[in-house]
Amino acid sequence: MPDSAALAARYRDVRARTEALAEPLAPEDCVVQTMPDISPTKWHLAHVTWFFETFLLRPHLAGYEPLDPRYAFLFNSYYVQAGPRHARDQRGYLSRPTVSEVYAYRAWVDSHMQRLLESDVSPELLAPLLTIGLNHEQQHQELLVTDIKHVFSVNPLRPAYHELPPSPDEAVPAIAWIEIGEGLYEIGHEGDQFCFDNELPRHRHFLERYALADRLVTNAEFQAFMGDGGYEKPELWLSMGWATREQHGWTSPFYWEHRDGKWMTYTLGGMREVDPAEPVCHVSYFEADAYARWSGSRLPTEEEWEVAARSEPIQGTFADAARYHPAPYRRAAGAGFQQIWGDVWEWTRSQYSPYPGYAAAPGALGEYNGKFMANQFVLRGGSCATPQDHIRASYRNFFPPEACWQFTGIRLARDT
Amino acid sequence: MPDSAALAARYRDVRARTEALAEPLAPEDCVVQTMPDISPTKWHLAHVTWFFETFLLRPHLAGYEPLDPRYAFLFNSYYVQAGPRHARDQRGYLSRPTVSEVYAYRAWVDSHMQRLLESDVSPELLAPLLTIGLNHEQQHQELLVTDIKHVFSVNPLRPAYHELPPSPDEAVPAIAWIEIGEGLYEIGHEGDQFCFDNELPRHRHFLERYALADRLVTNAEFQAFMGDGGYEKPELWLSMGWATREQHGWTSPFYWEHRDGKWMTYTLGGMREVDPAEPVCHVSYFEADAYARWSGSRLPTEEEWEVAARSEPIQGTFADAARYHPAPYRRAAGAGFQQIWGDVWEWTRSQYSPYPGYAAAPGALGEYNGKFMANQFVLRGGSCATPQDHIRASYRNFFPPEACWQFTGIRLARDT
Amino acid sequence: MPDSAALAARYRDVRARTEALAEPLAPEDCVVQTMPDISPTKWHLAHVTWFFETFLLRPHLAGYEPLDPRYAFLFNSYYVQAGPRHARDQRGYLSRPTVSEVYAYRAWVDSHMQRLLESDVSPELLAPLLTIGLNHEQQHQELLVTDIKHVFSVNPLRPAYHELPPSPDEAVPAIAWIEIGEGLYEIGHEGDQFCFDNELPRHRHFLERYALADRLVTNAEFQAFMGDGGYEKPELWLSMGWATREQHGWTSPFYWEHRDGKWMTYTLGGMREVDPAEPVCHVSYFEADAYARWSGSRLPTEEEWEVAARSEPIQGTFADAARYHPAPYRRAAGAGFQQIWGDVWEWTRSQYSPYPGYAAAPGALGEYNGKFMANQFVLRGGSCATPQDHIRASYRNFFPPEACWQFTGIRLARDT
Amino acid sequence: MPDSAALAARYRDVRARTEALAEPLAPEDCVVQTMPDISPTKWHLAHVTWFFETFLLRPHLAGYEPLDPRYAFLFNSYYVQAGPRHARDQRGYLSRPTVSEVYAYRAWVDSHMQRLLESDVSPELLAPLLTIGLNHEQQHQELLVTDIKHVFSVNPLRPAYHELPPSPDEAVPAIAWIEIGEGLYEIGHEGDQFCFDNELPRHRHFLERYALADRLVTNAEFQAFMGDGGYEKPELWLSMGWATREQHGWTSPFYWEHRDGKWMTYTLGGMREVDPAEPVCHVSYFEADAYARWSGSRLPTEEEWEVAARSEPIQGTFADAARYHPAPYRRAAGAGFQQIWGDVWEWTRSQYSPYPGYAAAPGALGEYNGKFMANQFVLRGGSCATPQDHIRASYRNFFPPEACWQFTGIRLARDT
């Protein structure tokens, strides 16, 4: 159990990191919501603050008075047990509070959090809540990055968020298949460190023998699929995937544009030519699944992924690299599976379901994960927008199969 | 392998049963489509016929000429590899071919099927295709019944399809929980009899110890949930379930209406008072899941269901009873799990996914099952609209979690 | 004032004519509703009957009992003062009452109408109501024809309603412009014969000098507009017209299809090649307006049309010709304006507004016309689906500017 | 014809007034678009600037280089002949250019406009274009005010734009009816001063004798309509009006909220209690028409309004008063018709149509008015957001009948 000083230091670090992410943005950038799934930067900055206010300050800091009681309504996301809330698809309608008012709200909550951590409330009580609050804020750091990417991408000016260095030319070797034997495996989080409730309980799961690709699918490989008519052959797609493709007119990964005979892609560094050595990114589950079928392979289950990944050291292209874009393939010495951490979230064929014996936490925090267990697929491994100290082998991310504005990519699996 | 005469007899039986189901209907009833999910009776009658024409007569009966080549476009459902097709949500726009023209189409195909079965094409080749065609037609028999129920239900006149006898008053004992021990179970179809590709391959799956309710949830029990505000408490619902409930304004199972202080329900015998001893029916996955959470239980996984059901004899309220409505609880002598066959399809918490090692059939028939493996939940056990000889322990039905126009109900499970 | 026997004879004539129109149809044809604007044949047959029941039998025939009291709900169209009604866009969901039950309803009302006309209720009271009821039924005769055309047109089988004889080749002379001088004209209905309330009161309206084309715009002329990119030049269109064109992807008049290098059109006689000498038909106001702008002309106002038409004898291609399709141009001896009656309703640039001093009738019948006076344009002159004895110079038809499933065409005007 | 110095002074005045209106706003306020009909402040600031750049600088200032050529795409509104443009309903997706970049764009164009006015291009050529540009900017001044009102109103914080002084209690006398005799009147703009093309040509129009209310309908009167069930009686409404009311759930004028038993309304000064002596405001045509029918009156035609108003001096509550909210009734000495200028735009029953002999200007500027002549109603007299020197008796504003976010109100008329 960390002591109060360590908690306070950790709190300051995570909070500062969020503000650093928003630093390159103009106030105007922080207001816009370009589709219901994404939130304005301003809202992210305020909502993570509301989380500490709601779950730590209000119940545990004696005499706490909120800066503005109406923020409870404006900045609750989906915790119905925490009270009513503003409509999700209208977050971009709010010009007030302004960005500087939101920073004042952050400062207000930060100073009271410091007071709470210095109070005589026991660290045993605070630490679990603070830890979930900080993990929650890290998740919104990633969303802040993915969401501002969408905001900039729909602007005909295609503004850049930061400087993205050019990539060296890299040769990518053919996929090697690494086999893993059948067995009754233990799946789920183990140990005392923090995890979300959906990673528990650790339980037994039988796996047949399988093989997993040693690296991610590249842009070059995905372009071969496109060149072979992958987006025109319904027999490669799930029925709902094909309907989605037709509805949106998809002919390439999200953010790609065909200009002057070349495939370009919007990155947070602006428009760039598609790099053949980078892992394909911003594909939906439907595209990942169609690609796998076309290639004669399949996507892994989440258990297959977990068994493979947990023996690899957690290193790779994370948000800490401040690249916010997947890196081209480069063999990492000593690792078996390449790119299994970071770069892109890897779609699994597992639909997001409770583990045997799963129980949600009581109260509003129990709404964190369990209530989303329908019509979502599990993704694993983190991305170039994930803080490195946020991820672990049992971590379960989840998105609907049509989602493609996250940094999502493909690792193949095979029956053997 | 059955001989040709046996196949021909089986063919005639199934085809006649379909026509018997349509017999009480006026031509006008056979045209209407009241929502995109359902199809007009006329379309069912023709589509199952198109199936035999497309997969048996065209490839295997020398010199076969279709009655009308345009029917291939009108009556293909979703087999993209079998060619283009009429829009699903516009099946109710087709007044032609008329019902009697559709019967002429059936007669045309029937006579050629007879010729094919009398030909020198080997039964070894024909039997598998014929069997899938007949199982397919049986599935549409069930859909014909569920769909005409919807058609009649939205008509303010609430016409009846048939005479439904009144039910005796029955006392329903409390649920008893039957425990099943942990173990590595074999799941999926076993043996030489026909099954769909999604029931294969038989594979190992580890189950923790669990308990399953010995009977279905009754209307009386579901009304207790309603009386306790079940439809007003978002904390009982999946997030998507609550959004669906709000969007549609659900306050009761589908087909229920509150009139003069009493809950009535539309049945194929017309409007009737809700029978407290009948299993609750026409609930979505979202309602089943919310009910389970409210009751302190959960829904079973499909594997838990299969292990429990396979030791019970297949008997219960099926379409063969010509009741087309679940029957009130009555203890069946000799059975452990009551009502596990027939009455209502039982929602499981398993999202519809491929079994380990699953491979779809090649060609258009491979589109039968595999391409629907996203955003659907598995249901088990058959219903009062399922032909009894169509069901088995490994049979996997699947519908989206919001679907409620099928005969769907609830069996509870518990961790122990 | 007509006597009872004359009224009864007129009643029988109009009612028989409606049934004759439905005679070629199968029961299945009478059920389908292919867009919210149109109604199933069955509904037309019943609704006009409901009108007599509601406005004559219920208030005036002592002891009248309806055949089925629920029909009042099913067959009210939009008369809110006559009670609640079934949703307009769900008329195609009703398989019951069947067609033969609707005919039984017609017979029931007919026999009671005969009894009413033989009763001692004074003809002075009944004649105005009966006359509006018969004019109402004549309007639905036209709608029955236009609506079944839509139903058949969306069916890939493109069934025919009747035999349409081929047209002779006709040469069409250039448009001649007939000038009419400025002046303060009297506009609106004059005399004792029946008219709708929207044709009253007769009132003064000042017209500048203008010229009106002596004939309708032909298909050949409209194809010249198409060939000149008329559907690709937004500057020719009203803003809302262009948006509508883009939304629907219009590139030709409604019911036209380009097949094998030729323009074909669906007619009630089936698919036919577009006849260059026929008046262009099934164009929306937006297309008529764009064509007029392209041609350097404009559409007439309804007053300009009325002043021109009232000196011409009412003769032309009406429903009485049983052609149900406009006829190719052929000069009528003795007439100045050609085709000013029948063939196609002529769009005017007049938005549908009350005449000065207009007052709607009291009660539910006052809802007949006045409540539609927003976002509609006036059409004049009747069509090939209008009974000849239904039309007159002051008759004001009205449809929204995007409507194109009626028999609507173009006569040009010019400032001089 | 004004000289260049006068034009330049007028230009500076109007431009400065626009910026003064935006002065109280934070950058965040200037970005948001809360419904497709409204535009962000930032967009207004840029679009009016684009107008001068497009119609004056590009064609007439030799060597002019735009600050950013991409702005032509971003800030064109609907002039299809001026090139492609950004989607209207996505103006709120643009965080860039920022507000200060937009001000730099304004400065760039202003300095070049000054150079153009000092150049040897003749004032005879420039004056008409400059005048339309300034009138155009004045129209957007009004829209800037009405649009920011909407933006603030949907924010649960209900921020205020400025300080709105409280109103004195005023007694409002009963409506007096002023009669005007029948006659052939001249309608439309007369004289050499600027007007829009839709006010021309001046033409003759016959009017029957009529009476016009001497003042606007008040909030107190409108509340009587509400109290009498005006929003629950479909017989008072146009058919499309009732459908609109049901779709939106209208039960009061726009911006009204019922709180703690009182009717409040959002104003640019924040939430205030509804003042019974103020003219009712933010009513749609449908509500105005229903109110008139309920009161036994009707709305005037635009010609009736024009004949009455043109003898009254142009004085009243305009934008110049910096109130941006209608004022309570106070009798103006010497005037016959009270409040006929300013306060609220007055709905007329006239649908927006071309005057006899109307011709749109050639080129892109011809798109200004004529292409909107469908499904709009004419409003007259200006509002509290209209610059006083922008209005005149022949001025025709127009909005769809469902629009209610403008400052729109009711003056009654009667047949006599």
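Lettered A, B, C and D in written order, each chain numbered from 1.
Rule of thumb we're sticking to: a residue touches a chain if its C-beta (ideal position, glycine included) is under 8 Å from a C-beta of that chain, and two chains touch if they have at least 3 such contacts.
Treat the numbers as computed from the prediction; the structure is a model and nothing was measured.
Counting only chains that touch, the fewest steps needed to get from chain A to chain C is 2. Touching chain C and chain D together: no chain. Seen from the Cα centre of chain A, the chain whose own Cα centre is farthest off is C.
Centre-to-centre separation between chain A and chain D, using Cα means, comes to 47 Å.
Chain centres here are Cα averages; for chain A and chain B they lie 38 Å apart.
Rounded to whole angstrom units, the spacing between the C-alpha centres of chain B and chain D is 59. The set of chain C residues that touch two or more partner chains is empty. Here chain B touches chain A in the complex through residues 78, 80-81, 184, 203-208, 234-235, 237-242, 285-286, 301, 349-354, 356-357, 367, 371-375, 377, 401, 415, going by the rule given at the top. Chain B contributes residues 26-32, 34, 42, 70, 73-74, 86, 90, 92-99, 151-152, 154-157, 159 to its touches with chain C in the complex.
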